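Chain naming follows the written order as A, B, C, D and E, and within any one chain the residues start at number 1.
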Amino acid sequence: GDVLVFAASSVKEALEEACDAWSERSGNRAVISLAGSSTLARQIQAGAPADLLLSANENWMNVLEADGLLREGTRTDLLANSLVVIAGDPAADPLDLLSPDALATRLGDGRLAMALVDAVPAGIYGKAALETLGLWNSVAPRVAQADNVRAALALVAAGEAPLGIVYATDARAEPRVGVVATIPADTHPPIRYPLAVMNDAGAPAAELARFLAGAEAGEIFRAHGFEIPAQGAQ
Amino acid sequence: MTLGLSAEAWAAVGLSLKVSFWAVLLSLPLGIATAYLLARGRFPGRQLLNGLVHLPLILPPVVTGYLLLLTFGRRGVVGAFLYDTFGIGFAFHWTGAALAAAIMAFPLMVRSIRLSIEAVDPGLEQAAATLGASRLRVFGTVTLPLVLPGILAGTILAFAKAMGEFGATITFVSNIPGQTQTLPSAVYAFLQVPGAEGSAIRLVVISVVIAMSALVASEWLARRMARQRGAT
Amino acid sequence: MSLSVELTHRRDGFTLQAGFESPDGVTALFGHSGAGKTTVVQAVAGLLQPDAGRIAVGDWVLQDSATGHWLPPHRRRVGYVFQDGRLFPHMSVGRNLDYGRRMNRRARDPAQERRVLDMLGIEPLLDRHPAGLSGGEQQRVAIGRALLSTPRLLLLDEPLAALDAARKEEILPYLERLRDEARIPILYVSHSMAEVARLATHVVVLREGQVLRSGSASQVLSDPATVPALGPQEAGALLAVRVEQHHEDGLTTLATSAGTLLLLGVAAPPGTRLRVRIPAHEVILALEPPKGISALNILPARVLALRPGDGAGMMVQLESGTDRLLARITKRSALALGLEPGRECHAIVKSVAFARSDIGAGGAV
Amino acid sequence: MSLSVELTHRRDGFTLQAGFESPDGVTALFGHSGAGKTTVVQAVAGLLQPDAGRIAVGDWVLQDSATGHWLPPHRRRVGYVFQDGRLFPHMSVGRNLDYGRRMNRRARDPAQERRVLDMLGIEPLLDRHPAGLSGGEQQRVAIGRALLSTPRLLLLDEPLAALDAARKEEILPYLERLRDEARIPILYVSHSMAEVARLATHVVVLREGQVLRSGSASQVLSDPATVPALGPQEAGALLAVRVEQHHEDGLTTLATSAGTLLLLGVAAPPGTRLRVRIPAHEVILALEPPKGISALNILPARVLALRPGDGAGMMVQLESGTDRLLARITKRSALALGLEPGRECHAIVKSVAFARSDIGAGGAV
Amino acid sequence: MTLGLSAEAWAAVGLSLKVSFWAVLLSLPLGIATAYLLARGRFPGRQLLNGLVHLPLILPPVVTGYLLLLTFGRRGVVGAFLYDTFGIGFAFHWTGAALAAAIMAFPLMVRSIRLSIEAVDPGLEQAAATLGASRLRVFGTVTLPLVLPGILAGTILAFAKAMGEFGATITFVSNIPGQTQTLPSAVYAFLQVPGAEGSAIRLVVISVVIAMSALVASEWLARRMARQRGAT
């Protein structure tokens, strides 16, 4: 039968491709419902008929796990990602994040586009990284927070903000922006996309979960810029 | 004719039409009744009712969706009752999208109708009463027909709003292709992919064309009614 | 059936406190602009809930504030012709006319419909909408709508004011028939004494919300004391007469209590009881019956009272047989003729002096 | 100033094709309901743009479809009293009255305001809103609003229909003054011949959108051929007279071309030119001047023409001095008196037979 | 009195009030003019204008926000012109939030006003013209005052909508605390975090109280106007 996958919006294309591959193989269909991680989590709390959840937000996954909504032992960190600083010009000069003034100087009176720094994962990680780098206090007043990473990306792509902090995967997909710096992974908690099978899910769901964690799907995710975390890192 | 859109996208168009149609059709009687109460009623709690009707307009749509989820969700008070008693389920079903659209469009519908009712000359209703029409029949034979252009306008406005509703819908019934993925949800999904703006724009154009056609048709109908009344 | 009204209603700056009983037929409400006529009519229709009062048609009580009884408008079966039209703009004239019948779920009455359409001359308008009608056309349709609802009580608020004399002439006989045959009580607001005299069995004169005079039409209209309230040109007596004979030259003799009157163009068959209004200013007084004169009616009369007006005029109340007459002459003539109470004289009235609107069908006077 | 109107306008089912010239003063538009009176008035006001036509007041052209000239309504300075009130519901009566002055940015004229307020009796209403007024009160305010806008042209569409006789009597002299002193052309729609005769210098009779008759008031009204269009009770001649003397007993003598008339209650000083309407049905004909009779006016006259009516009535056109008179008598009387063209006789009219509304101030007849 | 809300949340409340106030106030003249054109105008392109006005209602708010970004952004056609010529910038500024709110609320405002204008008896406007009022003064002295209750209703409706606007605003001007973080943006942020529902609900209640008060006040005012007109 069909498998209903609830997935964070930011994994749309990669997940679709992987699911298509699985459908061809298994003859089952995967239906993907995309929304923000918090929305998905709340819907599952309210009894949504999801079979699988691929979230971009570990906190919400923790909540669902605590509520006993996840099938025991099925939670894995399926994907990992990294943060980059982008500029609205594909050929922009690289930026040295270790120099204390470089970011602020490059911004000038422009804005640094990020996802919501206290609510949305990409924003939370970005803020953590800037704090670790000792840059947060100087740029905080210049941060423009979008409701999700894609919106932050759009602000930079449209030339509205000179710089932005987004996932590496987002930066790859948008030709109007260029990566000017990669944020060191050790400046923020690891960026993980947890996957879990829901309690009421049928057999095909577990099968899809296994497929997504397998090598073939891994290739597809890598092709879209995601990283595959070492297993057992939950 | 695919206009470069996937079957999924076309399914979203079809679903949005279905959702908006039923949302508007089923909420219309309630909308007319509420508008009449607000326009002509003198009862305690009128202001409360008025406020309640406007609530979806005031709240950020996400909040409305969230409240719907809490109320009409499978574990919500009303939702559980309806499901257990009548087998009616809204959660994650297209009917839920219709409910969300209806609630979001309701204030607009009621506003339009109410203004038209207030513009009806009470002298005409009095005249009908002296000719033997009970309050109900006065409403049916005088008030309602005079308000028809307003009802038409309100209905189409509500339809247009329902076609564009996104926040409450995605929060309440999620974004399941073929089941709850309406046109705006599909647009949202496309917007999540850099470079898919083309598809998003094509969908938006379709939605605009549909809503505009409805608007223009309703304007034309309203003028026709007015003209018919105006002379000969 | 009698109409009994007793009302108290306060609005800022205006207090209505009016009570009257009209034994039968048509009650004319007379009074200056703003006197409260429309207010009374609205209360009778149930469109205005007065502070207190009792309204009854025969023993059918429409409202009684003592018992808290109040019949809603749609149960009162009134045919109300409003001062301001109020046609339904979304219905054709035909559907406007048919509305009352439909609301009361009655079968069609084609003969009645034909009568009303012909009388009002609105048949050509049936498929039109009210917005495209002239002022008078609208008023005619409004009258038709009220009549076709087969009311038990007719309320007419200046229904004929917007119509020309010829059209009025066609509508008045119909209202008379309604009064006499269907015996529907009619409350009639009008500024025209000719209309009032012709239709009214009872006249109520309102003034600033109070009843100034109320009584039978003949009493109120032939009483010189009413003259100031009506205006001297409107004064005149009402005579009950019987049709005697139609002559070949088109004249008709009418029997009065004191002799015969010769009138033109009376259509009723011999034996019919009619009412004739003789305006005071139309009556000439002479001591001897004159000769070689075109006026054909000479009634013997006796002076009852003389009431001088403000100016050069004088109102003379006469007794002729058992009828009362009013004559308005100049003080100079009264002096020249030596008129005084008890004096015998002759009242001369032209045959053509009776406007057709002064001749009403039947009814008590 | 003269008013010249030439209009063609088609509506489905109705075609207006009317042209008339009124040399000066008041033009009365007369005609059955739906004849097109309001349509003409609206075209003059510029509220309806006729298919073709020319409208001018003196040499001020309001519209000329030949040249494409068309003055918008607010530049026409018309004072329009609508058949249906149209007071501004959001303004007090006072502000309604003041509206025209403000729009034309003119200074207040307290004397004029006082005159209009007193005449219409609307001073107590100044602070009220139109919705709370009775039908007649609304109409009076509408008249006041039009008058106070100091118009160059007055358009009155049945302005007095909702008013009682006393109130009409107060308003008519004012309209006469406007006509004579301010020399404002007035287009006046009315169903009342008394109003028309009193005010009109010119009468236009419309019928189904066509001009049936158009001419000076005295011509149209004293022409027996007009009778069918007006109705026999409305027929009557207009006489130009001069006030001669006021008597102690309140009577006034008026000089006509053939003798004197004795009337009551004429307020104008000796020498004033007046117009007097003598309704045809008020005139008695006699071969010899009668004696011992209360009627005080006996004018020598000569029969010009006899025009039998449909029934028993007969319309007699008379020449008295240089004036024309109309008398309505019975065929029987005509026979008995042996009336025929050329025959000398006496026309007898009661002094009180002149309704006050039949006596108009000045103006040409 | 903090009602358990942070200074930042209170700043959002204040900002939303400011944004909604200016959005409504500045769009009002244009709203009245547009409503008048749509109600009484007979010109080619009337239907187009009508459609354009309704666009924000039909489009998903995110799309509207995106279009705003493309048009009024610093590199947008209009935005660049306005910035270079007048120094008016919308990007990341509260004025941008006001622009977004105004545009989203505009169809509601225009609808309300238009319906009231259509209910005005043209006979009254004709009467005013015969008394010497030019078209403009007829509008100012007769049409406008008669339409006042409709304008009031439309304004308050627009205000309520502006208070609740989220999607277009955050897309266009993002979320900068103290500058563009409106009340709904703050609510949205709270809703993203597990366990912060309490704060979200407190903010929602504040927003509802404000909008409801405005609604009730406007109803009361409208009734008062009507009563004043109705009698005495």
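Here, a contact is a pair of C-beta atoms (placed from the backbone, for glycine too) under 8 Å apart; a residue touches a chain by one contact, two chains touch by 3 or more.
Chain labels with UniProt names: B, E = Molybdenum transport system permease; C, D = Molybdate transport system ATP-binding protein.
Since we're looking at a predicted model, the values are computed, not measured.
Counting hops only between chains that touch, chain B reaches chain C in a minimum of 1. Among the other chains, A has the CA centre that is most remote from the centre of chain C.
Set against the Cα centre of chain B, the chain with the most distant centre is D. Centre-to-centre spacing of chain C and chain E amounts to 60 Å, using the average Cα coordinate of each chain.
Our note on geometry: chain D versus chain E, Cα centroid distance of 57 Å, whole angstroms.
Mean C-alpha positions place chain A and chain B at a centre distance of 35 Å. Annotation for chain D: residues 11, 13, 84, 128, 132 touch two or more other chains. Multi-chain contact residues of chain B (touching two or more other chains) are listed as 62, 66, 188, 191, 231-232.
For chain A, residues touching at least two other chains: there are none.
Residue ranges on chain C touching chain B, taken from their complex, read 45-47, 72-74, 76-80, 82, 84, 86, 88-91, 99-100, 102-104, 127-129, 131-132, 145-146, 149, 155. Residues of chain B touching chain E in their complex: 47, 50-51, 54-55, 57-63, 66, 108, 111-112, 115-116, 119, 150, 153, 157, 160-161, 163-164, 166-167, 184, 187-188, 191, 200, 204, 207-208, 211-212, 215-216, 219. On the side of chain B, the complex with chain A involves touching residues 62, 66, 69-70, 73-76, 91-92, 170-171, 174-181, 188-189, 191-195. If you check the complex, the residues on chain C that touch chain D are 11, 13, 31-34, 37-38, 83-84, 124, 128, 132-137, 139-140, 157-158, 161-167, 169, 191, 193, 231-234, 247, 249-251, 262, 264-265, 280-282, 284-288, 290-296, 311-313, 327-337, 348, 350-353, 355-357.
By the touch criterion stated above, chain A contacts chain B in their complex at residues 4, 6, 9-10, 12-13, 31-35, 39-40, 42-43, 45-49, 148, 150, 153, 157, 170, 173-175.
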